[in-house]
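Each of the next two complexes has subunit A plus one more chain, namely subunit B in the first and subunit C in the second.
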Partner chain A sequence: MTVITDAAENVAGAGVSGSGRVRRLTGGDKIVLGLMVGVPTLLHVALVWVPTLVSILLSFSQWDGIGGLATIKWVGVQNYTTMFTVSPTFWPAVQHNIIWLVFFVLLPTPFGMFLAYQLDKSIRFTRFYQTAIFLPVVISAAVTGFIWQTIYDPDNGLVNSILGTNKPGTSYIEWLGDSHLNLWAVLVAASWRQAAYIMILYLAGLKGFDPALREAAALDGATEWQAFTRVTFPALRPINIIILVVTIIESLRAFDLVYVVAGTNGTKPGLELLSILIANNILGESSLVGYGSALAVVLLVISLVPIVSYVFQTFRKDQQA
Partner chain B sequence: MTAVAEVTAAAASRPAPVQRRKRVRPARVVLHVFLAVTALVWLVPLVWAVYTSLRTFADTSAHGYFSLASSLTFENYENAWEQAGLPQYFLNSVIITVPAVLVTLLFSASVAFFVSRFNFKVNLFLLMLFTAGNLLPPQVIITPLFRMYLLIPLPDWLSNGSGLMYNSFLGVILIHVAFQSGFCTFVLSNYMKTIPHELTEAALVDGASVFRQFWQIILPLCRPAFAALATLLTIWIYNDFFWGLVLFETGADRPITSAIASLQGQYFSNQNLIAAGALMTAIPTLVIYLALQRQFVSGLTLGANKG
Partner chain C sequence: MARPRPGQLPTFDRRSALKVLLAGAGLAAVPGLAACGSGGSTGGASSNTVTFGSNGSDAKPKQAYQAVLDAFAKQSGGLTAKVNTQDHQAFQQNINSYLQGTPDDVFTWFAGYRMQFFANKKLLSPIDDVWDKIGANFPQAVKDLSKNPADGHYYFVPIYNYPWGVFYRKSLFQAKGYEVPKTFDDLINLAKKMQGDGLSPFVQGFGGGESWMLLGTFDYLNMRTNGYQFHMDLMHGKESWTDPKVKSAMDSWKRMLPYYQAGASSKKWEDASAALVNKTGGMMVIGMFVGQSFTNQSDYEDLDFFAFPEINSQYGTDAVEAPMDGFLLSKNPKNPDGAKKLLEYLGTAEAENTYLSIDASNLAVNEKADTSKYGTLQQKAVKFVADAKQLSQFGDRDSDPGFIQNVVEPAFAQFVQSPNNSDSLLTQIQSQKSQYFQS
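After this line comes the complex of A and B, so read on.
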């Protein structure tokens, strides 16, 4: 500690100038500030925003990644044409991402909000309920995948054992193998996490909400539903926006759970997602840099909608202040 | 630390509606039944996995998995631990997580200090840049990042022998820092804005340099936020699957969360072993969560409450 402070004094120099008057920022201070903001920003830009831009650039190219940078061929919008018209996996992936989002918006997110609303009513055992329901968020999505594999396993899984549908030939449900079923099975597993995550976020929002408002509504004869929809919900606009953004972003980011339950290489018919297709272009046998980048650009464009609206919404107030 | 506890405690002990009636209302009973059932349903997958992991393969193959166990044993855990070489992967996770968390906090605190204590024109832009970057799906940047990592040479001592950023712990640590510092900068700058400016001004009058103001005045005051963020970051980074999977060529250097995917099939031949391996992976995060629940939750809410 002392060593560091001594060094700091040396680096920053004296804060007080010769005349005894306080200068706002000495030269040393400026260097320190420059480093403090420069190094992290440089790292962030170099590893996040530069690749984002390069992704756009590379999406107009063809490159197998084997030769050097000189072997990159520029092919215009060919990757996009292939993606939109030829690729057998692109549209299913888009469709699955949309289903994922709609499902999240309609089921686990409102359910998580509902749980939060109930848990906020200063009831007994609320700690226990919260801890139990929140556990899935602490467990990684990958481990969640393994846990749900033991639930969905066609021969030995919990679901088929209970339903008696674990007899090959007569009645047999392959929850994760059947391409008409597996997306829904995975969505249930993902909802296990999502609802809990939303619950805790919304609970935080509700804690900051003045209960007097709700009580006033109740005194005025509002039903609980009316009080929620007309008083609580509108008052929690900022947290509602966060929850919407989190839900959209989580739907676009969905990867780990699907990759794990899909088994080798993370691909299985019925479980294509944009994120999975992009990763396949890196982990798989065929490394199509240009095509993978074009997929990434599609994901980027979709993601920018919630990101930009959220960022502007959040920081507009700061600017006015 | 105490401040966080106080905040949460204050929030929790918010003036409850005065209880005039001791009578149990039917609505309350319904609510408790609903919450208890939900909590139990939520625990079922976990309990099932634990149950499976504690049974021997012989037992389950003889009686099926949906049966009463003839005996419970930690055998699967021992086997998973030894056969699959789990200690190595756990060590990899520690090597990645600890520096990533510390550097993320240091970097975010620096940027947050800059944007919250000084009125520069770039502040808003910086915050927007970091926040937006943090929200990007990692898959958007992975293709060029992967190629970049293959092109950046590193000395052997930094790259665990690969000679490249690819396959190195450093590469994974840096991408975690770059990504997570978005969220943490946002949270910390909001936190620092609540610290009165008089404090640093007084220090300035006493001749303290900017670095001293940062290190000796602002940072100690941010301890509650650090505790919360450190808990959150540790769990997030430890739980990362994607970077660990893509940025390492082979399993040997992968952190445990990413490694279990490749261990499946290779070592984990039956459900009992898979369940044991997966649950062991989750133990550190579960312990951290149960021990530091308040920090974890307040970390999430620090980010959520200001919007």
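After this line comes the complex of A and C, so read on.
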């Protein structure tokens, strides 16, 4: 542990010690700096803050998206009360998003890390395995959806044929049709992709990891598990954080696979997700812009929880250091 | 040092993120600019061009529309129509922004509430003068559907329709000695008999994204139980979904469910209909487009249908579900005179014959259209529609499409899986209705 932190400080120190005090900026510098700060800020405000604030504003309205801004009717918190008390799809959607997140954190993500760890040991055919496992990420989510639709087909699909559950009347499983099963079936399909994604990210981290550290741990008598948990895992903190953030983002933006499997037309019982509800309410012919915005605000609030806690943690660590 | 230096990652990240952002902004701007460009160019076009927005992106409709427009150009004396085809599903998804942006002069759409909605929003131009010329070609039921009842003006020029019914195989019925059911009880008895013979009585497929297939059965059950007018009022948000009348229709549906084909909630209708083709299934409540599943001509000729049977003798089998497609004139057409000439042409028997000679899965609505080349199934369907006392359009055309898609379809999909919850599902529909219908 101390070896690593010392090394990190050396690296950090090397960067700082060379530079002296900041010199006065010339006019040209100021313009360049102003542009470098100003353009991203402008883009950020225009593409992130304005849409977010407009969404929040619209969530207090009732509007079908037709006609000028004067046709917007302001209804206060009515969209939220409808959502929380009346809508039969909202709470299932929240629940499914949470299941999705927990499932991703518990299964495919550790599994992807496991795969990466094994592939890093330069076993035979490692390139082949890498390519084969990474393939699902390269395939578009829509195609992934079609592939799994055929795998789950109740009559001729792979799963039911192997299990022998394709006989109507005696034993018959509708993986994607049954509202108690379809979320899990889709999660397996999504994991196929997620594990591969995490594998490649973690593998990149492991490739940059100094094997000397692991060797040193082995010489000190550490077991494989100890070497991983005490040396490799902590040393790869930046990658771990990226993986955590990627997992959370992937869970909250879960959309495409379900959209393909459940269809573009309406929500399917058992597969409600916030992103799907937002799309269904805002896009299309008779849209409920206000209600859809209210759903989007809820998704925003949920997304803010992990983001804010992550930001707080990093800032606190920086201050301590 | 091989270890990634903490200082490097963020710089790389920020820079690449900015690149992605810029690329994203660039991409986002492209369709907008392209739309402006095309809008501008059509705006500047001479009075010899009419723009035609088409949702006929499938091979046959695309080819058929092109043939119609070519024929129009030949006889119009210098007036040509420029077709702008968009993906069928995307066209409907984007219709709001399409109509509020720079829509084409004439564009394809559907009759029913879906047309009336845009007419009431003042996004369409009335075309009473076109109907003065083409009115004699169409039966009364079609005329009524081309008008907006709210203001009495015509907005719609129809081209074809197709009926929904209960489709079956003549040879199968003959071999097993089945008879076409007259009443709903007959239908259930027949289903029971079929099940005994090892068939799937009701072939249905509403898996994937096809919950809309459920609407056809509900529409018929409700119209047979409670009549056309009640069904329309329910669809337009005027009647309550918790009304005992609706519950009664749902109760009839419950009697059908045990005879549904296994796996109906997982299959698309295209896959489910295979059971009708290979005769392992008995009947299918569907539109005439089911014919597309029959690639073998002799199988297709064996296909027949009967009207959804009577439930309440007061209403008999009066109402027929026959969705009708056609054309609308946008609010501010660039070339209003040319556009009306095109609409007049589209309302002629000649245009309809040209269209249907290529896309034969539909029926002519023009009384003067040539039906001599029709097969037995099509001829029967034409008579079936002509004899109907009322024509309904289909659940998602007779009502607010968002309401149907986001509220009714999920509830029906749930109902099929747990029929005993029907009362609470109807309550759910009723409680969400007010979001869509504000009167």
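One rule holds for everything that comes next: the second predicted complex is superposed on the first by the 248 of 321 C-alpha atoms of A that agree within 3 Å, B and C clash if a C-alpha of one lies under 4 Å from a C-alpha of the other, contacts with A are read in each partner's own complex, and residues count from 1 in each chain.
What we mean here is this: a contact is a pair of C-beta atoms (placed from the backbone, for glycine too) under 8 Å apart; a residue touches a chain by one contact, two chains touch by 3 or more.
Bear in mind the structure is a predicted one, so any value in this text is a computation, not a measurement.
In the superposed model, A:G208 lies in contact with both subunit B and subunit C. By the touch criterion defined above, A:A190 reaches neither subunit B nor subunit C. Applying the stated contact rule after C-alpha superposition, one finds that A:A235 touches subunit C and leaves subunit B untouched.
After overlaying the two complexes on the shared chain, residue contacts for A:P168 are found with subunit C alone; subunit B is out of touch.
In the superposed pair of complexes, A:V86 makes contact with subunit C only, with no contact to subunit B. Touching more residues of subunit A than its counterpart among subunit B and subunit C is B. Of the two partner chains placed by superposition, subunit B and subunit C are both touched by A:Q149. In the superposition on chain A, contact is made by A:I282 with subunit B only, not with subunit C. Of the two partner chains placed by superposition, A:V258 touches none, neither subunit B nor subunit C. By the touch criterion defined above, A:P136 lies against subunit B but remains apart from subunit C after alignment on the C-alpha atoms of chain A. Within subunit A, the residues touching subunit B in one complex and subunit C in the other are 8, 11-12, 15, 40, 43, 47, 65, 149, 153, 205, 208, 238-239, 263-264, 281, 283.
Against subunit B, the residues of subunit A that register as touching in their complex are 4-5, 8-9, 11-16, 22, 24-26, 28-29, 32-33, 36-37, 39-41, 43-52, 54-55, 58, 65, 69, 115, 118-119, 121-125, 128-129, 131-136, 138-143, 146-151, 153, 156-158, 161-162, 189, 192, 196, 200-201, 204-205, 207-208, 211, 215, 238-239, 241-242, 245, 249, 252-253, 255-256, 259-260, 263-264, 274-275, 278-279, 281-283, 289, 292-293, 296, 299-300, 303, 306-308, 310-311, 313-315, 318-319.
Residues 11-12, 14-17, 28, 31-32, 34-36, 38-40, 42-46, 48-49, 52, 60, 64-66, 107-108, 110-111, 113-115, 118, 124, 126-133, 135-148, 150-151, 174-175, 177-179, 181-182, 185, 204-212, 214-216, 235, 238-242, 245-246, 257-258, 260-261, 264-265, 271, 274-275, 277-279, 281-282, 285-286, 288-290, 293, 296-297, 300-301, 304-307 of subunit B are the ones touching subunit A in the complex. Interface residues of subunit C facing subunit A in the complex, by the touch rule stated above, are 1-7, 9, 18, 21-22, 24-25, 89, 92-93, 95-97, 99-100, 114, 117, 121, 123, 200, 207-212, 262-267, 400-403, 405-406, 409-411, 413-414, 417, 428, 431-432, 435-436, 438. Of all residues in subunit A, those touching subunit C in their complex are 7-8, 11-12, 15, 40, 43, 47, 62, 64-67, 82, 86-89, 149, 152-155, 168-169, 172, 174-179, 205, 208-210, 235, 238-239, 261-269, 280-281, 283-288, 291.
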